[in-house]
Amino acid sequence: MKISFASDYTRGAHPDILRALNSNNMNQMEGYGTDEICDRAKEKIKKVCGCPDADVFFLTGGTQTNQIVIDILLKPYQGVVAAATGHIAVHEAGAIEFSGHKVLTVSPLPKEQDYSLGGDVPGNDNQLPGDDAGKLSAGALEKYLEDFYGDGNHEHMVFPGAVYISHPTEYGTLYTKKELTDISEICRKWKLPLFLDGARLGYGLMSSRTDVTIKDIARLTDVFYIGGTKVGALFGEAVVFPRKAPTDHPVPVIKQHGALLAKGWLLGLMFDTLFTDDLYFKISKNAIDMAELLKRGLIEKGYRLFLNSPTNQQFIIVDNEKLRDLSEHAGYSFWEKIDDDHTVIRLATDWATTREDVEELMKYL
Amino acid sequence: MKISFASDYTRGAHPDILRALNSNNMNQMEGYGTDEICDRAKEKIKKVCGCPDADVFFLTGGTQTNQIVIDILLKPYQGVVAAATGHIAVHEAGAIEFSGHKVLTVSPLPKEQDYSLGGDVPGNDNQLPGDDAGKLSAGALEKYLEDFYGDGNHEHMVFPGAVYISHPTEYGTLYTKKELTDISEICRKWKLPLFLDGARLGYGLMSSRTDVTIKDIARLTDVFYIGGTKVGALFGEAVVFPRKAPTDHPVPVIKQHGALLAKGWLLGLMFDTLFTDDLYFKISKNAIDMAELLKRGLIEKGYRLFLNSPTNQQFIIVDNEKLRDLSEHAGYSFWEKIDDDHTVIRLATDWATTREDVEELMKYL
Amino acid sequence: MKISFASDYTRGAHPDILRALNSNNMNQMEGYGTDEICDRAKEKIKKVCGCPDADVFFLTGGTQTNQIVIDILLKPYQGVVAAATGHIAVHEAGAIEFSGHKVLTVSPLPKEQDYSLGGDVPGNDNQLPGDDAGKLSAGALEKYLEDFYGDGNHEHMVFPGAVYISHPTEYGTLYTKKELTDISEICRKWKLPLFLDGARLGYGLMSSRTDVTIKDIARLTDVFYIGGTKVGALFGEAVVFPRKAPTDHPVPVIKQHGALLAKGWLLGLMFDTLFTDDLYFKISKNAIDMAELLKRGLIEKGYRLFLNSPTNQQFIIVDNEKLRDLSEHAGYSFWEKIDDDHTVIRLATDWATTREDVEELMKYL
Amino acid sequence: MKISFASDYTRGAHPDILRALNSNNMNQMEGYGTDEICDRAKEKIKKVCGCPDADVFFLTGGTQTNQIVIDILLKPYQGVVAAATGHIAVHEAGAIEFSGHKVLTVSPLPKEQDYSLGGDVPGNDNQLPGDDAGKLSAGALEKYLEDFYGDGNHEHMVFPGAVYISHPTEYGTLYTKKELTDISEICRKWKLPLFLDGARLGYGLMSSRTDVTIKDIARLTDVFYIGGTKVGALFGEAVVFPRKAPTDHPVPVIKQHGALLAKGWLLGLMFDTLFTDDLYFKISKNAIDMAELLKRGLIEKGYRLFLNSPTNQQFIIVDNEKLRDLSEHAGYSFWEKIDDDHTVIRLATDWATTREDVEELMKYL
């Protein structure tokens, strides 16, 4: 079996989770997440987030979570604002539209951002065409809202009803605390709830180049989720509404979406384990360490980075011929072609990646 | 911790499944069910169902499966025909309507059925008011279709587009091969796909009072599913379209419903285990044996059965005072009040119920 | 061209409406109902309803109105409660489900109602099987709500979110002021908005056997509409929220449903005409007078009434042979077969029916 | 009352339509468009389009029509491809998403089009930023499809299921026969039905600068509609599927969308009148003549055109101070601000605009 850096969800669960599962397996539990393990996990999450009044729900996967949270946030005539590269806008097969809502994509302002995110990486002068490296900029968001509520009649348009950002983004990039604060302030000014997709939240929080903590996120957003699927769990996302969820009956909403797990305690058990002894943070840190090891190796070998990601996803530009070789020995994700001879690929480390894994990959690069 | 007969999904997974999971945990797998374990499980299922050309998909839970299968079967202006007691009509929080379709409930014909299903149980002369003990009768279905396509204009009504039955039903009852054949013939005559909800399929197939095999089901229906959540898996339902699914792109449909599991191999692994060495059937048989033991004990103690279920769910009528005692020692499901002093409760055995469990329960009854 | 009593929407508009249309035709008007004629019509409607703070909207047809009002009233996980015979439950092709909501049908209580509605009609001992002659009874509604919020867990069920009644009903029957008050009180007790479908409201208000006024309706319901399509307009329904609509942006909701008429002033102009000099009530009275003339003629000729309707729709039981004759000379609506030899038909009078029309019809009966 | 060029739907209907309505008003008609006037109108439309086997439906307004046609064309997991400026993408309050489908917007290729559409207008060197003057270019469409079906996995994306264009576009621009043929060929190559929104079709067909006939449109598209609301009718759009509609039951689909007009004969009567003696084309020609008169006057007065529209909508750039004056004397549509001192406005002529109207407007410009 060849080594794979294709994604951060190739393996099962952290061994501690399997141990807990083995140990609890034959206990009889209440159904649908009404059990005491779920309660315990929720308490731990509320504590780590610094929001004792939060509502916490557990769901199975990211698309499901985005669909349900957005459906809870929006009125029927509202849409959700996102970067054009946002996961909900591109890679969820229309799950938001399936529940009746438009994704309102925002164009970045010209030349506003330094897409290289630092410039300390030799040879990295790439800019993503037409987007802010996966991020929604506060300036572009404000311009969008000002235009919408500006002179013309907007009653025939989809009203913005919430703002979606992902952190890390689909390009592995991160918001600074300043950027997140700016977006949060705009959202509050315009009375729009801010939703942060944290499918890879651990890898963002443990980046060596971030100044954003989980408490910042709980303070600055209205709802976010802590991804488990990609960070050590078999599956599962923990949705946190730091100041109460805006729904009186989340269970029928979740059920109606086909998302209410009968053995909901499985989700509770996994998050309980992840938030015991900082496991979530420790294993996230591992992915970051391995990504930095990988990045240094890539730069040493002269690879051009497509962009300078501070998290566990690394994007590099590879010669097509080289790529054919690589594909025989290691797994990666195709990202996009940039010219006839070169391709952008994604290499992702995760909670379980070892130094040996990276070294083996480097042999084929 | 007190013993519970509240449902058949109180425990985790059969130990063989946990062993397989432990063993495969650190292997790197393809995402979204495109892996070889899923392929292997599908082959085993196709073989046991006797339908080599089937399309098999794995989903996470019953409501999700019902929503997606029905959405695949129906055109937008069509609804799904079901018994008024059908799970999709009552207990799925509107998941079918959420995807835009009406559940068309069919009233039973008067006095058509022997609701006692045998009459060999002393004291069981109960009839469910207004329904065929959870079953859709062929006669009632045919009358519904004849009325619909009869004299009046039906272009302003919801067209029947598929027929839904559950086997076992929500009341634990079973269709006979004759009944299933009749329904199947009506469906084919009227060109309506027949969908069988098998959330508890194993418990139906292993009943000592059924003449229906899984191959009969594959032959007589157009789509059915093999329930895992209630029969030994952590979660999971295996959808079988015995003669190809009527969709060219199931993946985006599943994704759009928020139901595409990133680590889809988990589902494959659980079904692969369940369909190795007839494990699914063996553990289903255990639930039946324990239900029969329980039923004999209940009759001996003079309990009245609400109806005579041939499967793992038993429904009894309990004096309210007795019930208060019971609730201190054992878990059960409230079903309905039938008068001021009596309540119907459900007691469910499962793949893991032991003789000792039954004996303990009987102590409190 | 043969005479038709098939429905109350066979003709165009009252001549006064055509005159107003001809006269305003070449004036340049604001679009989408923002014009002064709409404003004027709304003021007249608010006055006649005795609710100066009402929100009034104009829509095009009944199904559209039911869909939009119910969508405004309900949260996503809620359904609308209706009689099993309600228009939204049977004859709107799933328009409510299309917008994601379930219609929760309520069974009548046994023997609660006198279906003959008076008993002063010789030979009328018919009872509608399984329903309260099109009406939702307060007792059945209360039982439904008590059962729903009773002992069992209802989080997996569709929550009742509003109550729908039609007045007159689909069977031409009417609620008494007592019945309407009882339903209203139950709705307020359970915090459910009450929605009255008045597609034929004029014919109900002008019945000689009603004690319900339009002000009663405005007082006892939370939203209702005044039907124009069947009462003198080319098309159009005036929705009245007597105490403000529970939506901050009705226009995008209406637009999103494809229901925002570009020349919205057409609706305003028609309702302005109908509510000038009591035209709406006068022409409604004509339909009632003609229906009573027709009913007396039918009884004299020995026809059995299917039920004793106090409004413009009359339902009679006709021998099939007779019916074949009739169909050559006059239009009627097939309602249902009641046995092999007899059929229920509906005969509807309207705002334009003349004494001569009735006399001609009687020739063929 | 001040003169208005704000839109092409400020007035009622062409006098011939009112005459027909007055004359037919008291005739008793079949409901829901099953009458002989609708049949006659459909035959005339099929003849003028040169497609005797067409299916023709009448609907009430443009958004409703776009929603229903697109819902008929698409499978649930598919979206509709459109220019980013397409009406369905921007100005229909999410009506497409309400029915579960995503609008997939296509970015124009850089520098591909001559946005000035001719260059024969002095002073018109404007280019619309980021779009092809409202048009979808064949090249951009093909690139989109090639990218979609290219190397990456697209099963997590919304599949393109149909292509939407408007003709004239929202900017008044027109496709050439060459452009339309190119788009049609791409659609056929990729098996995507092509849908042409003809809300202003007459004004496109009668432009002095078009080489596209209605028969070309019937030949090159799979469905289109002939707008009545903006071209002489009170309301109404005639949907034409030149080679049969891909639905076996259009009526319940239309009903389910709340769009089935009870007095459907009104639509038939209006289109019957419009397609008698070429009325539709003659009155469309009037709007074009008046738009050209207006444009010449604007150029003479030194106004800059925002773009050089060949149809009845003219877009000019006006000094904000001037605009304040104008607004006191005449109606116009705000389009967008282009800088702090200048605004783009739209002036629309229509079937009823007179030479005197244009002259009066010019007084204030």
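A, B, C and D are the chain letters, set down in written order, and residue numbers restart from 1 in every chain.
Methods note: contacts are C-beta pairs under 8 Å (C-beta built on N, C-alpha and C of every residue); 3 or more make two chains touch, one makes a residue touch a chain.
Note that the structure is a prediction, hence the values are computed from the model and not measured.
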(message) What's the farthest chain from chain B if centres are computed as the mean of the Cα atoms?
(response) D
(message) Quick check: more C-beta contact pairs at A-C or at B-C?
(response) B-C
(request) Round to the nearest whole Å and give the separation of the Cα centres of chain B and chain C. (result) 41
(message) So the centre of each chain is just the mean of its C-alpha atoms; given that, what is the distance between chain A and chain B in Å?
(response) 36
(message) Taking the mean of the C-alpha atoms as each chain's centre, how many Å separate chain A from chain C?
(response) 51
(request) For chain C, write out the residues touching at least two other chains, lowest number first. (result) 76-77, 92-94, 98, 100, 155-158, 251-253, 255-256, 260
(message) Per the contact definition, I'd like the list of chain B residues that touch chain D in the complex.
(response) 71, 76-77, 100, 155-159, 249, 251-253, 255-256, 260
(message) Under the definition above, what is the set of chain B residues touching chain C in their complex?
(response) 76-77, 79, 90-94, 97-98, 100-103, 107, 130, 150-153, 155-158, 334-337
(request) Would you pull the chain D residues touching chain C in the complex into a rising list? (result) 1, 3-4, 6-7, 9-13, 15, 18, 21-22, 24-31, 60-68, 92-95, 98-99, 229-230, 234-235, 251-253, 255-263, 266, 331, 352
